[in-house]
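Heads up, there are several structures right after this.
Below are two complexes that have chain A in common, paired first with chain B and then with chain C.
Right, the complex of A and B next:
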């Protein structure tokens, strides 16, 4: 877990050093990390595609792979934190679309600057997270049931409200509305790096991973997230604000959904109201491949990012290798299985033995 | 039988009455039910600083219920629970902790996969910096954890290791050291020795005494009178949710305590059965002795 990383402030000799602890080798420190399985898998997959499809190594291809990874990875950040906190969310896929629809329908219907719609969408996303969290706390039902219910309800709302307001299955175009260009620049532009166009979502994604890692390893809240996922009762008994932390996690997932929703909207100018279904599993898969335990209390934000990167590589790598993309899902399933087995081994190592 | 006990309790409470405000905790006729199940009724008890109050009883006697009331996990429905002489109801463990009441639970309030130092400071983390850049003071927390544990005589190799790797006794000790460090005035231990071997139990008992010597009021819950008697100053006996006796150490011997716990009537019955069977002289005299000491206690 977190702690196994040696912090840089270790230089001064402290009370924590003890002659009975053999200096841990870098290797054994690495082997104790939750994301080690994913890292090995990512490197293997990278080498594999580099061999079977040399075009994979071109900077442009890498930028494409990173873009694919970022669209999963942005959500995987929140989903990983939530999973470490012991819960998961099946409504994320459609909640992304709900957010995008809120922004576009509100600004189109009222003829407002799209930034107003963007703010409304943020509130909607956070509210969805809050409601998921509060229902979970109040009913004490498992998150599987609670978020399955909100998945179904949001699916219905997305379709129903879009048709009722815009009169079609897709939201009306907002391309000519005020604020569209600036919003597109923020959520769906590209950055030119050495002649290669890299999508802005890649940078947003990396920034979010860094912030999430910081929160997880270096703040009180991070400590609480691990604790409520590891043993909720114990956490409550020592005074951890379990309810606040859990609801906060669902709202963080909502925030990630907003970021991705805004990208989806401004990458084009309208949203298909039936989209998003099934994507929730991709985010969960990225988190699990990245070493987050389904049972909670163990994992990392970096792991979720590596999981998303694996997803991006497999997704695009198959295309570069000129294989039939039908095989992609098979790949994904196999990887998930392997990753879960590796996770169990890593967790056992962390729990017992030295 | 019932009147005798009530009288005894009254006497004890009377003795303690004049200095009620010096008592850390006072229980008067406290009761608690879960729906229609009466888990606890009519319990009187006093906890003093620098003293160990033992709560004894069989499984299901209501011991855990009692401490959950003190620790703020549940609230009592009847009677009075007083802290420093004023009646209170603790709404949450956080409130109890802030009032100086720390509990170490049977099912251990630690998160196994988290490092020892993170567990030690869980819920009361130290931070440096301000605003959004406020971060955990990792090095300081590690140093304090190591120091506090070694002050308690617990010599751990590495505070980075997940607490799940420690033995049951060591985990209890970390939890006790944590309570002491965070300035607990009342330390509650729910069956800390139940799952431990003889040697480990001895170690935990030693930490109970250390906590007592530092001036904490310790509530030690156990079903083993041989663990309770050597460290205890007063003894509350629970049976099926009722108090069946409250004694100070001078009033009772370890044999009487055992007999009380086993229940005089049951022992008398056992003696009777053994007598009828014949040929178990030694066991018979033991059971009889137990039954007698019960009635004379």
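Right, the complex of A and C next:
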């Protein structure tokens, strides 16, 4: 767990000590973490699938589960931070595709090295985040409305521009262009670990979770994020740069979308412009399962990662268990519900035992 | 300091890579448009093609190209519209009636939702044809012709071909659970090859298609073939096959240029093509024929545009058409 919680003091509280300044035991601090419920849910789900589908435990299967989790988890990192900061982003699913399309179309249309397209896509993604943020600040509308609008606009832009530039609704394949192989190695390769091919997105995901955790728990910016999510007015009153932090959060989401968009592009050579719709909810679900409050001010980056892992396990475990596919979505929903309920129960226990 | 660093991080690689890619990319514009040529001398008419296509789908792009080419030849002003929601698709029909179109080509994936609007169109004297879906309902809904492929028949054709290859336990991957046409394809395959199993994936997210299929191939070692029901899905199945280190054969439905390439290379056994370009072209052209001389093609029966099996031998002949985006 994070080192900030490590204050291994088992001093017995004397009756005279003020409980607000008294040191808590490591266990109670651990139980107070936002992601603890999700962690218990994840362990329960893991054991469950290990029993009903033994193939689930084979290293190759675990690598597949982790890959499925990473493609949600990468976005869940940014979305978790944003939700802790008290805002939503509904444009994330299509923004991933926007990023992939801009990289692909720019390098294809101008015949440029693919890496130029990648840099352009990064700028586009950050710009989408910046525009979301600045509209939110200037209009003071709820982020739900602002990002719903950008979701719709991006969906239209993806289709319209792809057809206008490439002449088809899917982006042309750029697999034979210069720079493609090196970009594929960065964004969509596999790493061989003991004979098992693990997709590189898994490592990118873990690195991003670590960085986000560090920012949240160890830096000034992390405190700002918690502060504006908890109470924006109070945060402003004590001198937190609310505007910069919020815009920064949206741009961080844009960055995550860029990473995933590049993976989509280089894993599949071309991108269909209608993809990505609906995925925004998966990212939010992952963050919520992981203990981020829908109202902001509470949560963790690790929680979002565990949420994505739960989703990946449920999604793939049902296939490994070879259950009747007609019921697939039902089982998926049930599993998510159970994981979330366990989450709440554990959290309540933890809070009442404080 | 941070800002400078960020700017240089962005600028430096761009400058370094400003070199152009010497391979791939956009081909120079072709000199003549394939649709260009003599245009019909009949009066300009207005035709609306109204489909249930989800936006951004490559398959429907081909139908649209066929419709556009017919419209260009027949001096037709074409309106190409679509909405996957049945209620909204019927509203598009109402709008076309209000705009006074001469003909409507409609897909009947949700025939009951279209019935009311199509009745109004018939009453207004607008000619109607149906395409792609609705071969069993088109006549009662007032269409004089239908152009499409029977999905079950297409599935059975794929099943026969798989059976001939000695396949006994194929996995049929459905990218949209509950989609009538896709379920019918797998049912058709299963009718011929009883060992067929269905796998549902989320077609709007390719990473999930890949990881779920990989999971299935790892879990089910008996499977000897995997069937994708759309060209982009099949391309992803190939990646999943590689990830899972599986030896299964791959078959497909529908087409695009990449898939044709994989068939010529032998990585995909075959694909079942319903020739969507013909559906779009014939729908518009038959409406024009109807205006020209009151002709009704098909003799009151559905005109089949498929299934056409594309294996290695056929694929080599149509590669250039696939690259053009008409196959």
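Here is the rule we go by: the second predicted complex is superposed on the first by the 299 of 354 C-alpha atoms of A that agree within 3 Å, B and C clash if a C-alpha of one lies under 4 Å from a C-alpha of the other, contacts with A are read in each partner's own complex, and residues count from 1 in each chain.
Going forward, a contact is a pair of C-beta atoms (placed from the backbone, for glycine too) under 8 Å apart; a residue touches a chain by one contact, two chains touch by 3 or more.
Here the structure is a predicted model, which means the values were calculated and not measured.
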Max touched-residue count on chain A (chain B vs chain C) belongs to chain C
Would you sort A:114 into first (chain B), second (chain C), both or neither based on which partner it touches? second
Under the stated touch criterion, which partner chain does A:192 make contact with: chain B (first), chain C (second), both, or neither? neither
Counting only touches as set out at the top, which of chain B and chain C does A:61 meet: first, second, both, neither? second
Kindly classify A:158 by the partners it touches after superposition: chain B alone (first), chain C alone (second), both, or neither? second
Look at A:239 in the shared chain and tell me whether it touches chain B only, chain C only, both, or neither; answer first, second, both or neither. first
Interfacial residue positions of chain C with respect to chain A in the complex: 10, 13-14, 17-26, 54-58, 60-61, 177, 198-200, 204-208, 210-212, 214-216, 218-220, 232, 235-236, 239, 243-245, 256, 258, 325
Within their complex, state which residues of chain A touch chain B. 1-4, 7, 9-10, 14-16, 18, 20-21, 214, 218-220, 222-224, 226-227, 230-231, 233-241, 297-298, 347, 350-352, 354
Chain C partner contacts - residues on chain A that touch it in the complex: 53, 55, 58, 60-61, 64-65, 67-68, 71, 107-116, 119, 122-123, 155, 158-159, 162-163, 167-170, 172-180, 190, 197, 263-264, 267-270, 272-279, 312, 315-316, 319-320, 322, 325, 328-329
For a test of understanding, state which residues of chain B touch chain A in their complex under the given definition. 71, 73, 93-94, 97, 103, 105, 107-115, 117-118, 121-125, 127, 134-136, 138-139, 142-143, 146-147, 156-162, 164-165
